[in-house]
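There are two complexes below, and they share chain A, which is joined by chain B in the first and by chain C in the second.
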Partner chain A sequence: MNEQNIRGLIEEVREGKLARRDFMTKMVSLGLAAPLAGHLLLNAGIAQAQTPSAYKATKRGGGGALKVLWWQGATLLNPHFATGTKDQDGSRVFYEPLASWDKDGNLTANLAAEIPSATNGGLSKDGKTVIWKLKRGVTWHDGKPFTSADVVFNWEYASDPATSAVTIGSYKEMKVEAVDSHTVKITFNKVTPFWATPFVGVQGMIIPKHLFEAYKGAKSREAPNNLKPVGTGPYKFTDFTPGDMVRGAINTTYHQANKPFFDTFEMKGGGDAVSAARAVLQTGEYDFAWNLQVEDEILVKLEVGGKGKVVVIPSGDIEFIQCNFTDPNVEVDGERSSIKTKHPVLTDPAVRQALSLLIDRASVQQFIYGRAGVATANFVNNPPRLRSTANKPEFNVDKAIAVLEAAGWKKGSDGTREKGGKKLKFVYQTSVNQPRQKTQAIVKQACQKAGIDVELKAVTGAVFFSSDEGNPDTYTKLYADLQMYTTTMNAPDAEIFMNQFCSWEFATKANKWQGRNSTRWSNPEYDKAFRAAEGELDPVKRAALYIKMNDMVVQDHAVIPVVSRPRARGANLKLRFSESGWDSDFWALQDWYREA
Partner chain B sequence: MTLSGTYVLRRVLIALPSLLGISLVLFTVLALAPGDPFGDIVSNPNIPAEVAANLRKKFGMDDPVMVRYFRWLLAMLQGDWGFSFASRINVDTLILQRLPTTLLVVGSSQILALLIALPVGVYAATRPYSLFDQIANTLTFVGFSLPTFFTGLMLILVFSIQLDWLPFVYRADIASTGWHFYWDHLKQTIMPVTVLALFQAASWTRYVRSAALDVVKLDYVTTARSKGLKESVVVLKHVVRNAMIPVVTLVALQVPAIFGGAIVTEQIFRVPGIGSLLISAILANDTPVIMAVTFVFSCLVISFNLLADILYAWLDPRIALS
Partner chain C sequence: MATSLSPNTADSVAEAARPKPISLAQDIWRRFKRHRLALIGMVILIVIVVGVIIGPWLWTVPINEIDFGSRLKPPSAAHPFGTDDLGQDLLARMLYGGRISMAVGIAAMLIAIVVGTIVGSIAGMSRGIVDTALMWMTDLFLSLPQLPLLLLIIYLFRDSLKKIVGPEVGVFVMVVVVIGGFRWMPVARLVRAQFLSLREKEFVEAARALGASRTRQVARHILPNALGPVIVAGTIDVAAAIIAESTLSFLGLGFPPDIPTWGRMLFDAKDYLDIAPYWALFPGMLIFLTVLSINYIGDGLRDALDPRRVLG
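Up next is the complex of A and B:
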């Protein structure tokens, strides 16, 4: 898929020959995040097909209580300090960004009057400035008006390193100024093709200037409103117990007519995923449950209760296997898997191809993940055609054996293949997690048939995902041959996702293994394409570059995807809400209602 | 009465170094344990590495363990419990928010357990090997063989799912007012309290029974009976009073353990108590909170030990504490 092809498709959308959603599906199957794909259409001047709000209630309030369960409760309610989704979700009840991402990756206005585009003059030709027009008549929960000063303040607040805001990444390298009381201009230091990061989505929630002004910088942690949010959202803050309960009451001056539907809001934390599923699906005690990481078999049983159903929301998260391109068994200058070494076996493309053929993704989906893990061809087989559905993930032991034989890997006396004294023996590590251990077992079995000896290793999640320099078992060190975990692609732009294959991102001792490239795979062509994409203003050319990069990684089998991980939520049968895999669960909380 | 002020003072003074030692061990173990409170931030590619580095500096986490320990100790002596990394608020606020719920649930379960254990134990002891004694014995064995997580799930299955009588998600702040408030509170407290109380009552019944059984056979009880005292007076005034001495000690010693046992129960019923705070802090690697909660637990153990000793001397003047 090159630039011309993408342009052709965009034209087809413009002429109405190709459905917008089909275009998105194709782009996503090529490795682009949905928001990035939506961006292509937006920049081509094809107006957003704003998701029509399915809100049917005709008056504000009267809906009683909305009760949701988060088995990890929100621990803080300042969106600029929110690290996990639990905190982002808790904050999102009260705070709103200028715009949010819907499930198709389209921008939907919250506090903005309209989405900036080239046609409405919001986007400059040089790709450096964005002008947001703010919605008028919006008030904070305490009655003060919402203006451009608030938006500018959020940039000042988050971009100040002394504040230690986790949102700083979205607000660095730019200047934000107020043009008038309801217009804000963002000027980026460099050409920024993907401009919808600041003030958008979970990183973009806006806090009121008048309450946080005195607590910018080092004093940020003393702000009393860190625990008592005053926002613009559909529900006003009532009370909060960290890790346990977030409560809100209807905002009777909410800026969208007839919304919200519910009189009170309650977000209960704690417990475990199974009992959360039970409280929604089986007993109906709660209306909605977050992140049901439960075996599908159990969920199906609970659904029989007839009170609720499981909602599966597609997202960009992928469970995948990384191949180590360096030697984990040789120590150079005090580090194993040093970039000065080469993996004796995995650097052979035939071995990686065989491994990819030995992953029985269909069984992994069917017997382990169920609805919560879809065997993925995408990101693997690199669909030469546009339709990703035509590409089934391939599991073929015979073909794998043929590939290995052709490459000269012959069976040794112990049944393990070898070549030139090097054996096909791998250490395959992942975090302790039941589905992962089951997947490991399936892979090991298939590998044994093909004459590959796999030693399984499981590391506690707290260690595996930590940044502990002293611990040899962290995933960034990759002191093993293969490892498996889920990488999240929910950042709306591909740049951050794709930098994990750049040569300057190698995780090494020198950078305390903070580099993102832990496979230590590299390709000068890839590096070049990445640099080109960074400065590429034409979104179509940029998308084509990302697709090309994706192809390079995938065709080389540097990583082997296993299943994509949609988000699983539980919801009462009567609850109506719109989900999105690219934003907080509460991105459209104002539209939630209950059918009679 | 041999219990003197100096004795109590000396015991308190001995308790202090133990607490200090415990805090040192806890702090070192937590510092050496794997896991990183800012792991989420470090592994999130959207957040620049400087943020985590900055936070580490702000919370003084780059200093050597001993420096951090003494800083913690100094702050603690001044009444500053530390600052939660996860919630970015003071730890004492967090603990105080959770304490009433734990006290309510654990306290009422203790009282319920005593209300069951005392009469059943004493009655069984006055009629040893009778049918009542046999049944009580069997039930207590069943009671303390079943772990709380099991009985908790069983109760949920029966009363919440099959019968749909009781809610299984505990809410500390109930919105309803007036009588409804108490009714809702009662309904949601029944299951967690029962689970904890049954477990505790089972073991206490056995202690009460054996303590009472020891006393029942003594000569002075026979004397009391032969004086023609009423059976109830014999049991209450002569048997129970003396049998209670070891039991009171035991109850006092087990109070801290109950807080530990409540961790599991709190998790099952989503009771927002100290136990669930500890669990979520451990999951988030929020060391100041883990440190504070475990330290509270150790303080409880030490002070209840002390209390048990003092009670013992007060109840049984024959014991000389010097």
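Up next is the complex of A and C:
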């Protein structure tokens, strides 16, 4: 299907000949991400279909306690500093963005009165300005009104490099101004086809100006409200123990009628995925559990308990192995893995190619992840046909040996290959998590056969995923040769997902390791393609650019994809919630309720 | 003649009437034998120790051979202890892990006992400021939050140690030192208390009156009498060290995750309790048996070493 056909279809939708849903299905089957397909219509001036809320409760409150388990507990509650899903989710309970992504990739308004489109004048033809109309009558938890000044402040706050916000990428290179008390105009420095990045989804949560104004810039980390959120969300903050517990109580002045359903909210952190699964599926102690990264065999067994079920949500998340391009064993100016160094071995493409051939993805899928992991050789995976067809997962020890031999890596006396005095010896780290340790064991065994010595290291999740600058074992520092974890695709567009390979995103001491590129791989051509995609208004060409970028990263083996990870969540059988693979689990927390 | 009665004869008569003189070690063994449970414990421990030492030579299945074709298989002739979910042979892993767990336990115990005895005896023998200072130090160590401190030590020294002696030995040395270094305080207190009471006893006074030096008093008279409780504390420490090692592995700070210590195997197996109970059963049982037999041995040794205890 070429560009012309797509445009034809869009016209049919506009004229009402083709149902919106059918168009989406067609596009998705063609390999366009649902959100991207949704965007085609949006850009053409066709309004988004709003997902009808399934909320059935008729009054606010009275639902008792909502107890959820996040086995990695939130460590701070400021969305602009949230480095992991846990922090984003913890913040999302109290803060809201202007709009969120539903499971089909449609925008749903939270603090916005309506979603900008060409028809309502929200989007300009040149792709440079967006006008958001804000919802009126919204108040912060402390009673102050929510206005456009707050929105503008969030842009000032996050885009100030001195603040070192994690969200800086979503707020750079644009100007945000208040048109009136409830209208905000974003002017991008250049053509921005995917305009729904600032103020949308997990990167877009809005913090109140009146509490954070004094802490913009270098003092950002000192704000008392980093740990005591005052937001607009359905639950008000009561207390917080970092890494352990987030508690909230019903917001009786929530801006949507009759919501929320629950009186209190409790988000327990810590523990491990299996006990979380057990607490929801088997004993029913908790209502919802995040990220059940557990062997499928165990999940099936626990579901027999009859208290809850596993919900598998399609997403772009991927479990992958990162190769460190800098030297983790040399310290330069107080940091290891400094971009001034080069990894003695992993910078050899043959070694990375061999590693990629030594990952038995099929077995990892079949014997470990089951429903929750699909073997893949691509970094961008969802939906199936957006996946580049150029890469196939391959497991072939003999071929890996041949590649290494050809590149001059010969077996030494101890069975480990070496070249020029450098040995093929790697430290391979990940978080403490059974499926990951098993994957490590499978990889290590194959590597041994090929003459690569792998030392396994498992760091407890609370440390590995923490944003603690002082800890050497965090994943952003990557003080190891190889590491494995899942990166989440929170925005339904690949732009933010793919920026983790851009040269300006290096995680360094200077940016407190907040940069997203922890492999420190870079390629000028990739940077160029990324910039081109950023400015490409035509969604079809844009998609092609992302496929090209995916291929660059994967074919250079900068990262080695293992399995694509549909999100597995555990939920009580009676809990009603709407899932989304494109946003925080709490994207529609206000709609959660329990059936009698 | 009146003097014709040979003194030799008289001597031999007296000798026949007196029980044969026995050494201290023989006496201890004689007393120890009477403690039936201790004896059983010792037999079991010897079997386990010999098993893990020579076992890997007899059972040569590799510990990390992944074979998905035979995953989660219950015990059979090919795999007497069954297999885990990667199809790795559990017997081979148990034997290998046993070496590490036992070595960690015993080495950590030795460190705890040696440090504890030295600190305790110095404190017990010296009066005044040295005693007070050492006890302050002991109290200080007792009041330190162990886990955060462990983390700190491990972060500080892990990488440098690894560079010197390699990952496995480095972790072993560190785990042993760290566990031992945090378990000497009870031993030190016990030893000091024993010393305080023993040094005032008549036999020590007698030794002192005979001109025995301080070192001799301690080494020959006080210490042997103080050892009973120390040995018991030591046996408990072996068990605690085996368990502490699994705690560290659990936090990702102990041995690399693919090294099968008993603690880690138990941890790996816990999620499969209802699918493959034998997987948890074997390491669990071995930890249990080891700890229990060591405790009984300690119990028996205490009885055997206690000079005041009258044999019934």
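The rule we apply is simple: the second predicted complex is superposed on the first by the 334 of 596 C-alpha atoms of A that agree within 3 Å, B and C clash if a C-alpha of one lies under 4 Å from a C-alpha of the other, contacts with A are read in each partner's own complex, and residues count from 1 in each chain.
We take it that contacts are C-beta pairs under 8 Å (C-beta built on N, C-alpha and C of every residue); 3 or more make two chains touch, one makes a residue touch a chain.
Predicted, not measured: the structure shown is a model, and the values here were computed from it.
Asker: Of the partners chain B and chain C, which touch A:I442 in the superposed model: first, second, both, neither?
Answerer: second
Asker: By the touch definition at the top of the document, which applies to A:T460: first (chain B), second (chain C), both, or neither?
Answerer: both
Asker: Based on the superposed arrangement, let me know which partner A:D244 touches: chain B (first), chain C (second), both, or neither?
Answerer: In the superposition, A:D244 touches chain B alone.
Asker: Chain B or chain C: which reaches more residues on chain A?
Answerer: B
Asker: Using the touch definition from the top, say if A:E297 reaches chain B (first), chain C (second), both or neither.
Answerer: second
Asker: For A:T129, using the defined touch cut-off, is the partner it touches chain B, chain C, both, or neither? Pick first, second, both or neither.
Answerer: neither
Asker: Is A:V432 in contact with chain B, with chain C, with both, or with neither (first, second, both, neither)?
Answerer: A:V432 sits against chain C, while chain B stays out of touch.
Asker: I'd like to check the shared interface: which positions of chain A are touched by both chain B and chain C across the two complexes?
Answerer: Touching chain B in the first complex and chain C in the second, residues 460, 463, 471 of chain A appear in both lists.
Asker: Which bits of chain A are touching chain C when the two form their complex?
Answerer: That would be residues 274, 294-295, 297-298, 301, 363, 366-367, 431-432, 434, 437-438, 440-442, 444-445, 455-460, 463, 471-473 of chain A.
Asker: What residues of chain C sit close enough to touch chain A in their complex?
Answerer: Result: residues 64-66, 68, 71, 85-86, 155, 167, 250-253, 256-258, 268, 270-272, 274-275 of chain C touch chain A.
Asker: Using the touch definition from the top, list the residues of chain A that touch chain B in their complex.
Answerer: My answer: residues 65, 69, 72-73, 75-76, 78, 81, 83-84, 161-162, 164-166, 168-170, 172, 203, 221, 226-227, 239, 241-245, 247, 264, 268-272, 275, 278-279, 282-283, 285-286, 460, 462-463, 465-468, 471, 491, 496-497, 499-500, 514, 516.
Asker: For the complex, give me every residue of chain B touching chain A.
Answerer: 34-36, 38-52, 54-55, 58, 83-84, 86-89, 94, 97-98, 156, 160-161, 164, 167-169, 171-173, 175, 267-270, 272, 276-277, 280, 283-285
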